[in-house]
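In what comes next, chain A is part of two complexes: it sits with chain B in the first one and with chain C in the second one.
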Partner chain A sequence: MTPQDIYLLSPEISLAGLALTIVILDVFIKNRLLVQSTIGIGLLVPVIFSILLWNGIGIETSLDSNTQTFGVFNTLVVDKFTLLFKFMFLGILSIVIMSSMSYVHRFERTKIEYFSLLIFSTVGMMLLSSTRELVTIYIALELTALPMAALIAISGNKLSSEAGIKFLILSAISSALLLYGMVWVYGLTGTTDVAEIFLSIEEMSRQNGSVSMIAFGNYGLLLGVIFIIAGFGFKISSVPFHMWVPDVYEGAPTPITAFLSVASKAAGFAVILRVFYGSFSSDVLSIEWSMLFAIMAVLSMVIGNFVAIAQKNIKRLLAYSTIAHAGYIMMGLTVVSGRMEGVALEGPSSVVFYLIGYAATNLAAFVAVIAVSNKTGSDLIEDFSGIAKRSPIIAICLAVALISLTGIPPTVGFMAKLNVFNSALNGGLWWLVLAGTISSVVSAYYYLRIIKVMYLSDPLENAPIKLDPLTGIALMVTVSAVVVFGLYPTPVIKAAHIAVEFLLI
Partner chain B sequence: MINELATWFIFFCPLLAFIIIGMVVWPFVGKKSKVSGYLTIAALLSSTILSFWALGSVIQNGHALEFESHNWLKIQNVDINFGIMLDGLTTIMLVVVNSVSLLVQIYSTGYMKHDGGYSRYFTYMSLFTASMIGLVLASNLIQMFVFWELVGASSYLLIGFWFNKPAAAAAAKKAFLVTRLGDFGFLLAILYLFFNSEAFISNGLNPFEVIDVNNAVALGVISSSVAGWVAIGMFAGAMGKSAQVPFHTWLPDAMEGPTPVSALIHAATMVAAGIFLVARFFPLFEASKEVMMVVALVGGVTAIFAASIGLVQNDIKRVLAYSTISQLGFMMLALGVGAYSAAIFHLFTHAFFKALLFLTAGSVSHSVGGTFDMRYMGGLRRLMPWTYGAVMVGGLSLSGIFPMAGFWSKDEILNHAWHSSTVVSDVVFWLALAAAFMTAFYMFRAVFMTFEGSYKGGAKSDPDIEISVEVTPHESPKTMVIPLIILSIATLLVGWLVNPLTNIGSIPMHWFSEFVHVGDGHEKVLAFNKMLAAISSLIALLGILLAYLIYVSNFGIFKSLQKTTSGVYKLLMSKYYFDELYEDVIVKQIFYSKLAAGLDLLDKSFIDGIVRTIDRSGRNIGRLIAQLQTGQLQGYGVVTSFGVLLMFGIYLIFR
Partner chain C sequence: MDGLTQNTGFNGLLSALVFLPFVFALLIFVLPRNDNQVRLLAVFGGIVELVLSVFVFVVYNRGESGFQLIDRFNSWIPVDSFRIEYFLGVDGLSVPMVLLTGLLGMVAILASLGITHRVKQYFIWILILQGAVFGVFTALDFIMFFLFWELELIPMFFLISAWGTGRKDYSAMKFVIFTFLGSAFMLVGILALNVSVGTFDMTALPELVQGGIKLVIPAGAIFGLLFIGFAVKLPVWPLHTWLPDAHTDAPTAVSVLLAGVLLKMGGYGMIRVTASIMPDVMADMAWLLVTLGVINVLYGAVVTVRQTDLKRLVAFSSISHMGYVLIGLSAIASKGVDAASVGLTGASMQMFTHGTITGLMFLTVGMIYDRTHTRYIPDLGGLSNRIPLIGVGFLIAGLASLGLPGTSGFAAEILVFLGAFSVWPWLTGLAVFGVVITAGYILWMAQRTLFGPMNNRWEKLTDATKLELIPIGMLIVVILLFGIYPALLTDLFKMGVEPIVAAVTSSPEILNR
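== the complex of A and B ==
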């Protein structure tokens, strides 16, 4: 490992260092403020390193040149795609930490371990977004999942422990499926390197002739790709791999649910983009798997939105909503054309933009829910009655977030949906767009119902709900991101465009 | 030379004032906090200075300053940009909007002093000014439309400022709805351009950039019939905002708002937006002869129509309101006969003298205790010398008497109408001349009724107003008088900018026309027509004389004239029954009983039926699928496995 490699990995290394530091600090000094400020300052370090890397400072070759990427032992890569995701993960982590500060008082012990585990999981996600080799993908995936299982069970009550066990076992099943798929791909191509897999498959299809009666050219590849999709499908909570989502979301501490719903999903999509656009993007292949994503998208949108209507608990409702949103995002994966001729990057860039917009929106919704449940101790929708009278600020923020989730302008949710639908339409998948619009209409039913309950129902009690400063800041930041990116999305869309150009190298 | 950021700040200053007053001062400092007034004035002062800088830069540059537009959105392959278009027209509008707005705000600090909604007033005023500046600066049609609607929305807030007064609330609603009706045409024009976007893009143009749209006809990108339809759509929007017949009914009612609002919105800015829109897309309008004829006719009819109603009004603000409609008609007429620069020049001068007249009306009303009814005024000349002086300057200017600003601009318009050679130009010339006569008459009728004769008690005598405190007529405070003086001086001076006679100092002949012209080459300018100027002045003087004879010297012969024309009087007094036509016939008979009832039925049975079905089936489907969610881990594993099998099945069976 050269010093250059260490520098390239500096965001991850410094973040892991922070996770260790706070645990050690907590053992010796029982000062809450000190630990809090350590986390605050410590979070800035990886951000600064990432900014330096984005601008190509201290790297021999510029990141802007599309011909060069930077390998760390050839298994990891640092380019603008991974860095954009790293910024996203760091942003999500900061918001979740801010909104957790008041939440952790519910736990009797393990207050610091909570933050440490959260940071470790983020390190895993950051690594996941930069992998370009199958084995490393698996290891990074486990690094994100294991701390997560602990975090889900950290509340210690029955629901939380049950959710933790469920997550652990189902995550293990999905890992097994993923590994099995990887093995098939490795067996056929003889390599685990994403770029080399592509070349090897190209070589095979040239020998066999381009037209084949079997999907993906041969049964081995068919098996491999489907198992890999099943493995990643768990991460992005897509139907039919979504069964864990409602139970785990309900049982986990709310900030962890928020983290799972945006960071875990973003990491899943990052690695899907990397693998499918890196390895399986030849013309014939991409048509095959894009169809599969299209079907999964329709199923996710329909099942997610319809079942959400029947929910009474807001966390369960948001769980089904997150399944539906996985469907919308997958629509962006269905627009593919082979990498050799004029590549349409519209699809992947709309996926990245959607992930950013969804992160802001869903975090805003969850932070508002945390702020309310800190006071009321309940996640039932009926307990949100008349919140507008008890705390106008929380109510308006939650309303903006829900409007954005529905996809109504001038919020980022609208822009994100517009982009994804537009790219699917340009790909000729009008039936997919039709399913998307109809299910969006259905989703308005349950999103807007919450706004109705907040504003039109009478409050159960009249005590005003106070926002603690950190949660308030988190709420303000996310809600302003929702509105600002909704009004002026161009810079973010441009960044997403720049990022996805690195996928095809 | 002004740079882009500084130009944006012309817009940002009032916007920041709006945000700070609306979000900090109003809720936290106080509803009557003096700070809000000062903040607005400071913001507008900065904007005004920057506007003059922008004007100077464009003069120095000799032609429009070009700034890169920024991408806002991309819809399919159409880029929707936003940016600044800084040419002669924009800078003139910037100067007008900012300087008039600044003076109005200073005046408002005096006029609104005792109002409970002081901070709210300045919040709305800042928002309005910011939207108007945004509209003027826009380099893109969509951007322009956004601010166009914001102007409408903020004017709604301002007209209905005293919303607990039913008349004000109704007037605000009416203004918003009537202008929206026209805006629908504007929106259709935008959509029509969007459907033609392929033609633009294949020629390397953008269907929404103002410059590209204007060049499109000349470059042969769109045919003149397409241009005509787009222009007609935009003209519908312009008619709504500029209160042209038959969309004029909202403007007189909008006088229910505070008087400074009337001065700003209904004299200088919002109503000028329609004229500005037509001027902005003048090459597009010019491409179609038929559209130009429509514009000229609508303008001519509006000019005489509103002027005739103005002859009989008793409310001083309503006289001014009808006068504004009539003058806007003059501007439209000018545009219609191709007198682009004359129209802009009239807009420019009118903004100053009409704002002046409105502010004097406010000053008079302030002094007599709150009424605007001229029948209860009179004899104020000696009591309010400054206001009287200002009203004389404004009135003479409006009537078009040498050497006031109005003289020059009205003369330019008449001259162009006379020399124009379209089918309708002869008609509109005589319409304009007749309207000029009426203008002089009603203006001086108002002046004489207010300032001459004996004082008739003010608000105390007005049965419609309940007053609590006794008021004796007095000159208004300094904050109100100083803007009047500044506007009077401006009214005296700005007329010379058009300068049709000879070079004066650093202002060359026809400076204004050259400055605002669009497209290549030189603006068509006409030599000063001495004969025409003499005739139009004579006609105006005749109007003033007639008003004097009737309202000051009280000749008996005119009393009997009034009786014989009582039928006409009644028709004018009821404003040609337009409100009755709209409200009783169109709205109640057609919309309420037929269309609305039918739609109501459709809504209740069909649409609600669909919604209820979706609601019920959605919940049922949801519950059904939710039953799969048993909470049993092994069940979840089974679903996952079946999912994988299903995926294999899809490929094995269907491929």
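== the complex of A and C ==
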């Protein structure tokens, strides 16, 4: 570790420091406000470091386009791709923490540990987005998953414990699959470095005289790729690795569900982009896995959207909706024409844009659900009846979020879907796009049903629902992001374009 | 050619037209303290929009063709391969549609003054709806067009399910699902064009696509995808089933807007998009258009005869009348310039006139329903004794609907038949029977509701108030004006369809047939 390495890792290190600090502080000082402000100020530090890194301040090689900085024995990389994701994770973390402040009163003892675990999980995700080496990916993945399992079970009731155990076991299985896949790849290429794997595969295909030898002639590599997809498929909650999602989403504390649905998914896609575009983007191999992603995308969209119709619990409904959205995002992964110029980057950039838009939208929806369930103590859709009369602000925010999830303008959800569909058509996959648009129609049914219940049904009771200030701010920030980026998505699209240019280096 | 230089600049009139309804919706959300102030503000908004749309109609220079009053701002989303512009403009095709939207928007607002339930929300949704429709008729960037097209879903969903009658929840959801399904197909078509050609610019697309660029999916498939999207909206049999439900259960003003302008978005889309961008494919598929058109006309008319609910009857007659639009469009397969031009002009004219006529019909039916609280035809009868003014409005709408010379309905239908006859003599001949059936159900309906023995329940009915007479009068004037002097409109439409006709008749494929 050189001082340069420490600087490159400063966002993660400072965030981990914050997690430790608040636990220690809590032992001595029982002042709630102090802890809150410590978290608030503490979160600014990694943000500042990330901004410094984005602007290339203090790094030997400046972070202009086409330059990356490697650190810690070349296992980590700092470029605009990883930094964009780090901003995203920090933003998601802030929103989740803000909306948790009123939620943690439900727990008897574990208030500070909750925040600490949440932050540790975020550290894992930030590391995950900047790894470029398979073993480090595995370690970072475990760092995100273990605190997550504890957080899911933190409520202590039966549902929550069951969800925690379920998550832990399935997470372990998926890690095992991932590791097994990595072993195959390592065994065949002799390296765990993402960039070197690509070179090694290219080298092998050249030796065999024909490129097709790799994909068809070498089933081992394909097997490895498939196992890796299975491992990551769990993270991004795509069909057929989605079985855990509804139970865990229902059992977990709602802010954790929110965190899981956006941050965990974003981390999964970040590492998928890094590995698949970094290592496996040689022409023949990419045809294989892009088709696999296309099929998984169709299954996720269809199963997620159709099963969501039958749900009565809004958390379960959002769980199936998140499965469907994993499908939409995966459509962006299907556009790989190897390392062809231009077109190859359409897909990844639409994935990144979708992830940002989805993060804002889904957080808005979950924060609104948290605000309502803090008062009603229920997550059933029928308990959302007449919310518009009890709290017009929450109702309109949730309605905007749901409209964005459906993909109706003028919201970011529409722009994100447009972008993903456009890039999938670039690959000529018109049937995939048609499946996507039609399954959006199905989703309109269950999203609009919630809006209808909120606005047109009579409230079960008339007591108004008050928003506490922090939750209110979280709601306002996310909803305005949904609308503003829906009307003017240019900055986000441009940032996504800049970020993904670093993938193919 | 100076076409490219023409299509730039920033006039501002159309932007005002499209976005003022949203501004008024916002004002209504923020300002008023009571319902009457809401109504006043809404009426003011309606008047401003009407004046602006008439202004667009007058200002549009008939001396030069092409797009005018351009508002273009190309750095909205300037990303490679995904370039979306802010681009509004009107040509001969869209100017009358804008006028129609302004007119019926005003009528809808006046017809809604009696609403007492959640007045504020109601007028906000009506104004957003109007703004979205203006957007559809003026947008020249494909994504903007689609954006406005989708934007109209949410207001309609709320307007039907909150202020409707009967099975309103079912109808509202059915409307949304059908329309959304149509636009799902349309979106794939739009993106396929963009991916092939690299632009969403609707003014540039025709030339580029006809220039023989390789499309990612076959031209016929793109045509099909786009056509389904518009066909749901028009609606074309067998995608029409949402329409009777939505119309029957919607509140009066929403039925007026739905029948008057929202259906026209489908026909407008067929001309502006499918016919303009791929006229040769459209000409190849004209046999399908005319067949579906004849089915629409006859099926719609026959089903209409059997209706006992007044509103449902008008709704089915709309399906029948929209068939004429398809028949008019099928003249695109004609070898001669004249027939194609006449047919397309007739189709556009039919959209405008049907908008005003059905608007008037739904308006008067709504007034009858307000008074009698029933739409069941056998319960009505002899109403003209008690409500003669509403009766006159209803009758004029009915006569115009069956194409009585002197009303705008006649001008539209004669053009449609003239255009299509030279290409499809037999099928057009069949469609003419539609007119006969129309005359049958209209007159029979008038006889059973307005004339004949009066049910004693209706002794105490009061006739239209002065406020109610304003929208009736406005629509009657328009129907008669364009009936007596249709050239006011047909000249514009003819200019609008000119590029399509030129493209289709000069195409070598067609000349060789």
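Quick note on the criterion: the second predicted complex is superposed on the first by the 490 of 505 C-alpha atoms of A that agree within 3 Å, B and C clash if a C-alpha of one lies under 4 Å from a C-alpha of the other, contacts with A are read in each partner's own complex, and residues count from 1 in each chain.
The criterion applied here is as follows: a contact is a pair of C-beta atoms (placed from the backbone, for glycine too) under 8 Å apart; a residue touches a chain by one contact, two chains touch by 3 or more.
All values derive from a computational prediction rather than experimental measurement.
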*Which partner does A:Tyr455 contact after superposing on A: first (chain B), second (chain C), both, neither?*
second
*Specify the partner with more touching residues on chain A, choosing between chain B and chain C.*
B
*So, does A:Phe241 touch the first partner chain B, the second partner chain C, both, or neither?*
first
*For A:Phe414, decide between first (touching chain B), second (touching chain C), both and neither.*
second
_Applying the document's definition of touch, where does A:Tyr445 land relative to chain B and chain C: first, second, both, or neither?_
both
_First (chain B), second (chain C), both or neither touched by A:Leu199_ = neither
*Return first, second, both or neither, reflecting whether A:Val484 touches chain B, chain C, both chains, or no partner chain.*
neither
*Touching A:Asn422 in the superposition: chain B (first), chain C (second), both, neither?*
both
*For chain A, which residues belong to both interfaces, chain B and chain C?*
422, 426, 445, 488-490, 493
*So in the complex, which bits of chain A are touching chain C?*
342, 346, 403, 408-410, 414, 418-419, 421-422, 425-426, 428, 430, 433-434, 437-438, 440-441, 444-445, 448-449, 452, 455-456, 488-490, 493-494, 497
*Interfacial residue positions of chain B with respect to chain A in the complex*: 70-76, 614-615, 618-619, 621-623, 625-626, 628-629, 631, 633, 635-637, 639-640, 642-644, 646-648, 650-651, 655
*In their complex, what parts of chain C are in touch with chain A?*
75-82, 143, 146-147, 150-151, 153-154, 157-158, 161-162, 169, 173, 176-177, 180-181, 183-185, 187-188, 191-192, 194-195, 216-217, 221
*Note which residues of chain A are touching chain B in the complex, please.*
165-166, 169-170, 173-174, 177, 213-216, 222-223, 226-227, 229-230, 233-234, 239-241, 243-244, 246-247, 288, 292, 295, 303, 306-311, 415, 422, 426, 442, 445, 488-490, 493
